[in-house]
Structures are given as C-alpha cells and as structure tokens.
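The letters A, B, C and D name the chains in turn, as written, and every chain counts its residues from 1.
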Amino acid sequence: MDELFYREYILEHYRSPHNYGHLENPDISVEDDNPLCGDRIRVDLKVEDGRIADVRFEGKGCAISQASASMLTDAVKGMKLEDMLRLGKDEIMENLGAETLAAARIKCATLGLKVLKAAAMRALERAVEAEGQRP
Amino acid sequence: MDELFYREYILEHYRSPHNYGHLENPDISVEDDNPLCGDRIRVDLKVEDGRIADVRFEGKGCAISQASASMLTDAVKGMKLEDMLRLGKDEIMENLGAETLAAARIKCATLGLKVLKAAAMRALERAVEAEGQRP
Amino acid sequence: MIAGTPHTTDEKAERVRADFPLLATRTSKGKPLVYLDSAATSQKPRSVIDTVSSYYERYNANIHRGVYEIAERATEAYEAARKRVAAFFNAASTDEIVFTRNATESINLVCYTWGFENLHAGDAILLTRLEHHSNIVPWQLLAAKTGAELRFLELDGQGRVVLDDLERKLQGVKLVALTHVSNTLGTIVPLEQIVPAAHAAGAVVLADGAQAAPHLRVDVRALDVDFYAASGHKMLAPTGIGALFGKRALLEAMPPFLAGGDMIRRVTFERTTYNELPWKFEAGTSNISGAIGLGAAVDYLQTLDMTWVREHEVALTSYALERLAAVPHLTLYGPKQAQERGGVAAFTMGDVHPHDLASILDAEGVCVRAGHHCTMPLHELLGLTATARASFYVYNTFADVDALIEALEKAARIFKL
Amino acid sequence: MIAGTPHTTDEKAERVRADFPLLATRTSKGKPLVYLDSAATSQKPRSVIDTVSSYYERYNANIHRGVYEIAERATEAYEAARKRVAAFFNAASTDEIVFTRNATESINLVCYTWGFENLHAGDAILLTRLEHHSNIVPWQLLAAKTGAELRFLELDGQGRVVLDDLERKLQGVKLVALTHVSNTLGTIVPLEQIVPAAHAAGAVVLADGAQAAPHLRVDVRALDVDFYAASGHKMLAPTGIGALFGKRALLEAMPPFLAGGDMIRRVTFERTTYNELPWKFEAGTSNISGAIGLGAAVDYLQTLDMTWVREHEVALTSYALERLAAVPHLTLYGPKQAQERGGVAAFTMGDVHPHDLASILDAEGVCVRAGHHCTMPLHELLGLTATARASFYVYNTFADVDALIEALEKAARIFKL
C-alpha cells in the first residue's frame, strides 16, 4: 500500500467527515460492519422520485473507511438510485486515489459503498412493493 | 528386513508349531494380541515349585510371531518363573536369527514372550497371594 | 497385456515419475523403490514440495487479519487454493469447501454437527459393508449416543454393493454414509444410482471420497452428494490437510464444530456470533501451507488430466489383475473388472501371512501394505484377518507391476509354496 | 538502553536471524522485512523447512501400519517428534502428548471430551478477562449446552489478573481454563499461584499455552497443570500441527474425540474398542510432516536454549517498552515491567486507527498486526475496538525495534499528530 495514500484531503474527510450524523425520519437506514477490522457504518437516506434527496452517515473505523464514506455521501447526493447501484469498486478506489490499496484494506474502502447500495436496494424494493399495492 | 530370515526351521515352526494346543486344567491361561497386525497368542501354563512344568500355546498370525512362540515354548519348559521373566527381547531375536528385523515386526517376534511373561507374572502373584493366606 | 491403452498411458507415467523425488531413491539394500502403497498415502511431486517450502521462505504469515504484504499474499494463496479445490470437485462455490485435517475429520465434522442435530432415536444410518473405520466409528458413537440405528448394504461375491433391496433398506434412513471407492477391494460404489434413491427416501448422502478424489473425476454437482470428504495426502498434497464439500444450505444450517479464532464474527464475554461460510468451520490457525500445497497438488492433477489419470489406472489395474491371477496360490479379492474398481489390489498367497509377504517384498524394494487397511469388519466378513494390498497411482508403471510379481514369486519360493 | 543483557542477547539474535530465509527477503518496495508479528505466527528456520522437504523427498509414507522401510522410518520420526515435544514440556510420558492441529483444537478436544463428560448444570468454569476467542467460545458453547456457568477473573489497571477473590471465585468451579501468556497485553498469568488454589477447590486446570510455549521454559509437571494447549506454528514449526498435554489419568478416563482410523483397537460392524494413549485421540492420518517439523522446531529452540530465548525477549521488550513510551501520542497497554510480560506490545497512537497505522508501517516493511487479535471481549473491556500489536521472537533485534519506532514517527507525521 502506498503511504502517500493518506493525503491531506483523506485526513480531512476522516477528521471532519461530510454528511455526518443522522436524518430525522429517514426513509431508509442501514448499518453494516467489516468484521475483519471492526469498521462500522450506518447510512440514513431520504429518497424522492427515485433519487437520493439526502444522506447522512455515522460510523467508526479507519481513515480509509470513514473518508471513503464521507466522500461517497457527497458524490451520491441527488443521484438516481439506479445509478448509485451501478457504482463499482474501481470508481471508489479512483475517487480515493487508492488504486494500489492492499486487498484487506479494499474492504475498508468499499464498506460505505456496500452500505449505501444496500440502502438503495431496499429503497427500490419498497418502491416496487408500493407499486404492487396500488389498486 | 533380511529375506534370509525366513529360514527352513522358522517355516517348520510356523507350519508345525511345537507345544501347540491347550492344557487340561492349566494353572494359568493368558491371551494377548498385537493390534497392529492382528497376531494373537494364548498360552497355558502348568506351574510346579516355581517352575514351568508344562506349556502349550495356540495362536494365529505371521510366521514370525508363531515360530517365535513355538521356539520359545520349547525353551522355557522347566524354566524357573523368575528366569523366564528375565528373558529379554535381544535373546528372542538372537534365538530367531532376526537381529535385523524391522521395528514393526519386532512386536510380532516378541508377542509370545509378552504373553508368556504375563502368564509367569500372574503365576508369581498367585503364589504370593497363597503365601499371604497361610495361617 | 490387455485392453486399454497401456503403452501410451505408461509412457506418460514414466515422465510423471520423474517429478517425484522420492521415487528416485533406493532402499538401504540399494534396491530401486517400487512404491505400491498410494492408497495409504501418495508420494508428492516436486511442485508440491516446493510450493510448501516457498511459502515458508517467502510469504509465511498468518491469514485473514494481516494488513501487511506477506499476510495479504498468504491469505490470497490460501483462498486461491480453496478456489482450486472447489473447481476440482466442481462445487458451486468456494463457500462449500471447508479445509479440514483429513477425510476422517471431514466425516467427524458432519457427524458432530449435522449428525447430532438431525439424528434421533429410531432414525437409521445406512452404510455399506465396505466402509473404512473412519466412516464407521463416528456413526457408531453417534448411534450409541442418540439411539439411531446402523444399517448396511451387503456385498456380492465380487465385493460389489448389492442394490436389490436398496429401497427397503432406505426406509427410515436419515443419512447414507458410504465410500465412493473401497480402499480394500477397490470397488467403485455406484453413487449415481444410490444418491437419487436416497434423496427420494428423504436421506442426506455423505460420500467418503478418500480413495476416489485422487483417481476419478469427481463432480459433486453431477453426483448430487450432500457431503463429500477427501484427504489431501492421498492426492499428492501434504499431510494434515483435507477437504469437506457440503451443500451450502446444509452447511449454513449446521451449528459450528470447533470453536475459536477465525470462525467467529463477534465475541463478547457472554455471546458469540459466527463467521460466514466456509470460515465458520475453520477454527484457529489453519494448516496454511497444507492448503496451499493442496492447491498445487490439484493443479498438478489437472495438468495431468483426470481422464488420463483414470485411464492409466484402469490400464495398470487390468495388467496387475491379469498378472496376479496367474501367480500360483494367490487369491485376489474384489471386482474382477478393472473398470469396476480403483487402482487397488488386495490379495493373499497360500499360507504366507500378509505381514511376512510384505516383509519379503520390502526386501526387494516393493512397498505394499499388509493388514486390515482400517477395514477390520470387512475383513471379518471375508473370513480374513489380513490381506496384502498393492495400490497404484499416476507415477506407477507396468514395470512396477512386474517387480511386484517377481517379488511375489520369490516369496513363494522362500515359503516353498 | 536498560537493564538485562541486551547487547549479548542481541548479538546472538543477529546470528539466529540468519537461519530464517524469509527474514532475508525484501518487500515489493525493496524494504528489508521487519517481522514483528510472531504472536500471530512465527517464521521458520531453515532446519524446519528442510526437515519437512526431506520427509517428502526421502521417507514419505503413512505411519503405524507399514512394514516397509520408509514406513518404518516415517513412524519412527513421527514418534521421535512426540518424544521431543514431551521432553520440551517435561511431560512424564509420550502418552501424555496428543498431536492436534493447533491450540484451538487442543482446547476443543478437552471441551468435547472431558468437558461434556464432567460439566453439568450449576457447575462453573473460571476464565480470565484476557482470554483469546479460542479459550472462550468453546466454553460458551459448552455452557449453553450443559447449563454450566462462565466466570471471569478480573484485571487490574496494568492488565494483570486480580487474585484477591480467587478463592471465592473458585467455589463450585470444575474447570479453570486460562491463558498462560496473553496474546494482547502480554501479561504472564501466575499459574504457580492459581493452579494449587484451583486444585484445592477441586477444579481441573487447562492452560492455553499458545503464547507461552514458544517463549518460556514450560514444565507441565512443575506447573502441575492438568491440560496444556500449544500451537506449533507459533513456535517455529509448520502450520497445521499443535499439541495437547494431558495428565495420563485424565486422558485415560476421557471418551475419544474424533473417530476413525488409527484411534481404534478393534472394530466390528457393531462395536469398537479404542487404542491406547496417545493414539486414542489421533484419528485418521496425522499431519506427519507437521509433527516431524515440530520435532525439528523444538530441537532448534532447545539448541538456542529457552533461558536465552526468555532473556532475549525480556531485553528486547524492555527496550521496546522504553522506546514506545517515548513516542508522542502513543498509549501502551499491559504490564509496565517486561519481566511480567511476554514479547508482545499492543498500543494505539492518537486518532490514527490501528489499521491505518499497520498500513503505513507495512509501507516501511514493518509487519505488525492491527485489530482485536482474537480478544474482542478484552478490547471491549479496555474501551477499544482495535489496537496495533508488535510482537517479538528469537530472530528480532534491537534494530527491529528502532525500525518500528521510526515507522511510527513517520505515521505520526503523515497524520499530523
């Protein structure tokens, strides 16, 4: 792993994460952890018209997982759920400047993505259910 | 192991074992086996004045174990129990002409000795008990 | 020489042989080594020996939790080995492959978890009369503790499993535990007939593949077995590593077996939640070098091609059966057709005890096993206490069979048969 | 530099280092390897690696039943290894040494046999708050199934076990299961005080020696422990081999654990009688090369001399504690005196997460572990989710400590502490 990875802006995101905290009455709230290192992230979503209207996260863990989640919440605000689901590991890594990250740490870097995707998935399922219940 | 070990007289003892069968009303009867290869030997003893008055064995197994038991029963007839207990592995091996026998086969060669010693031991214990019960 | 393609498979076997350092050694008497005991354990190719050394020399580290380079590399190699093993058995996923010590532990794992969870008084377990102690004793213990009953499929005169009464025998059976290939008679058990019948009767099937995995192309999905047990050391891999295949749904529902590091997800002083498959069943530090070595062994076998492995085995076994049958006073056990058996030939010769036979053969450099081969009950059934057994693998050649026959003839002369 | 004999022990350690091929390698960035994760697994000396290869190249064969030469030789080497291990622990007899996969299996073996046989509802098991998951989770499972209760000896501010209430805590206790040396805090647990008290209270004592056996002179008879568990891979031996010491009378009374080949005496289709100690507990083909490798490892350690091993560890740990204490923002956990601890130093540094710390150290070639080290409950007790841990062994030198400190200072600069 490249020590240069811990750049200024990563440390800033780690120490002053964006979109940190929780939403009042979120539409969706999902939490997961990375059992290997104990990183943990919870994401709250507000969804409107199939888009992420607002997002907050809370978590603890290493700089990689927390900075990644922080940057990711910035990126997905306003995004369509479907587009969000298409985000891949590579984009996250590029975003982080962490293409050379060791395998064990990739799980840290992508924990935020995993939780966000789980939340988006649940939002879509709900929409389908709601659809089904219309007369 | 030296293939020459399977000499004429060993095969004779294997095929026509001496002292084979059982004694009527033996003083002692002991059986044991070699679980690794399934060899099995039972020995019957008649004891008089602390000596082996008569001996028979029965068994099945390899030529080494059976010939060894056959030769040994010849050798111990008339022997004092104490002297019998002093017989060692080396004497057996020499007797058999089997000094170079592989370790796994030594257990075969000495099975008869093991059973005979167990029988002699039991005979001595009985003698001590009988002693203790005298008024 | 008979049917098959002995010559061509034998030429390749000669080349294969050169990959096995031990086969180039000589006995203390200076005789070339004729290793005919692969059913007990196989020899190891240079590639497997070197893979293990290279792990220790270059990237030895504990797996799964290390952040640093060699720990990453060790983790990747360990999990890559699991992927190779999963592919070798055509498992649906690496989650279905648990690394164990050997086939025995694989069977015990199922016994202690699935077995104790699912078997109750009155339930039956169906085995065959061919089973190795490792596939009898665990079930005896389970039966003794739960009140379940053991039943057996009988054998015909050639040691083949009688299937006429299969449906009747399957009544009330919760588990069928049976060998895929017999280590004593060589019998190949027709799983493709038994598994569907067992499933139709509502039973789960565990196949003991200790003697099959090294020799046959085993496709756990095509066989549709629920559990499959194998030992690495019999299939060119190091000692101390084995595998258990289990269908995911079964493994998921099973309680854990050994408890400790690595098989957990969260531990508090009060309570524990378990890790995902397959790690839920791998407690403590695994045999990392063993697993990586098993990966290399499986690679080697796939390079040889399992079709060739089986073809060569059939050719060699046919030849051996033919030559053995011609030895005076020799009695062969098991199926008559090489196609119906693995590369194992158990026999007796006159009144020469198998141990004496093996000792005489040893003096000629010919390594065979003598005894009950961990199938005492089967031997008892055959009215024997011991047999001599020659077994073949990828590095054996027709010349090895010739050496066996010569040594047997010498034994016959010594014993004046 | 402080008390002890750092210079002389360090000179020898430099020579020892040369025996370990991996320590001469470099990272992908070309950095020399500074291996500080021996508490996870140790590196292996050339003699152990070669002993394993040589087994496979010269006398690989299955043990205990083979009549031929290489099988004899393998059997002798395997049992000679057991003799070496018995001598290393000063066991009364080789019958008291069972080969297992690792310390985890050793503990589980006792749990499944002695434990399930002897523990009932209302009985208590006494552990410490230091325990590794491998010495917690088996007992949790046992407690859940039997209704036995788990109790814990508490820790003081330095992570030392509080013994004031030992007698009270021992009331109703059938088993005391405790680590000899903590893998996280390094604490050496005073077995010499606890064992007699436990015996007086009628309890049996199992010590988890995974971190002690590699480092201290362990004399199971002097300690008077009933069971002692160890892992080979932490004491220079291959992966996949461990040992369980058990007092003969206990082992004899215990039911078997895994069932299968080699652990039996007689098997019929109906019933089985078991083999003698220690084989009763070794089912199936053992990790033969692993056991022989463990024998070579124990030889190597005894040549180094366990007194030197401990002296060097104390010297190195003293030096490390002193230097670590001087690093700004660094918090050290565990006993303050090197004499009271093994060669393990767990720490945190400011708000740098241990995983980030380990990654930065890795870039410098310094291998440390980050996480909970399989002691999640202990970490929770300390209010932590993770620590970084450096651990030392015979091949580490003062220069390795210096490299660690430099790398930590670099991490502090990167994180602008």
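Descriptive notes on the structure:
The working rule: contacts are C-beta pairs under 8 Å (C-beta built on N, C-alpha and C of every residue); 3 or more make two chains touch, one makes a residue touch a chain.
Because the structure is a prediction, the values reported are computed rather than measured.
Chain centres were defined as the mean of their Cα atoms; on that basis the chain farthest from subunit C turns out to be A. Between the chain pairs B-C and A-C, more C-beta pairs are in contact across B-C.
If you average the CA atoms of subunit C and of subunit D, the two centres end up 32 Å from each other.
In terms of their C-alpha centroids, the spacing between subunit B and subunit C amounts to 39 Å. In this assembly, the C-alpha centroid of subunit B lies 47 Å from the C-alpha centroid of subunit D.
Shared contact sites, meaning residues of subunit C that touch two or more other chains, fall at 65-67, 69, 71, 266, 355, 359, 362, 370-371. Shared contact sites, meaning residues of subunit B that touch two or more other chains, fall at 36, 102, 105. Per the touch definition, subunit C reaches subunit A in the complex via residues 64-67, 69, 71-72, 75-76, 265-266, 275.
If you check the complex, the residues on subunit D that touch subunit A are 351-356, 359-360, 362-364, 370-372, 385-386, 410, 414-416. Residues 21-22, 25, 27-28, 33, 37, 40-41, 43-44, 48-49, 52-53, 56-62, 65-71, 101-105, 107-108, 111-112, 129, 132-138, 140-141, 150, 152, 231, 233, 238-241, 256, 258-264, 266-272, 283-290, 355, 358-359, 361-362, 366-371, 374, 376-377, 380 of subunit D touch subunit C in their complex.
Listing the residues of subunit B that touch subunit D in their complex gives 35-36, 102-105. The touching residues of subunit B, when paired with subunit C in their complex, are 1-3, 5-6, 11, 15, 36-39, 60-64, 102, 105, 108.
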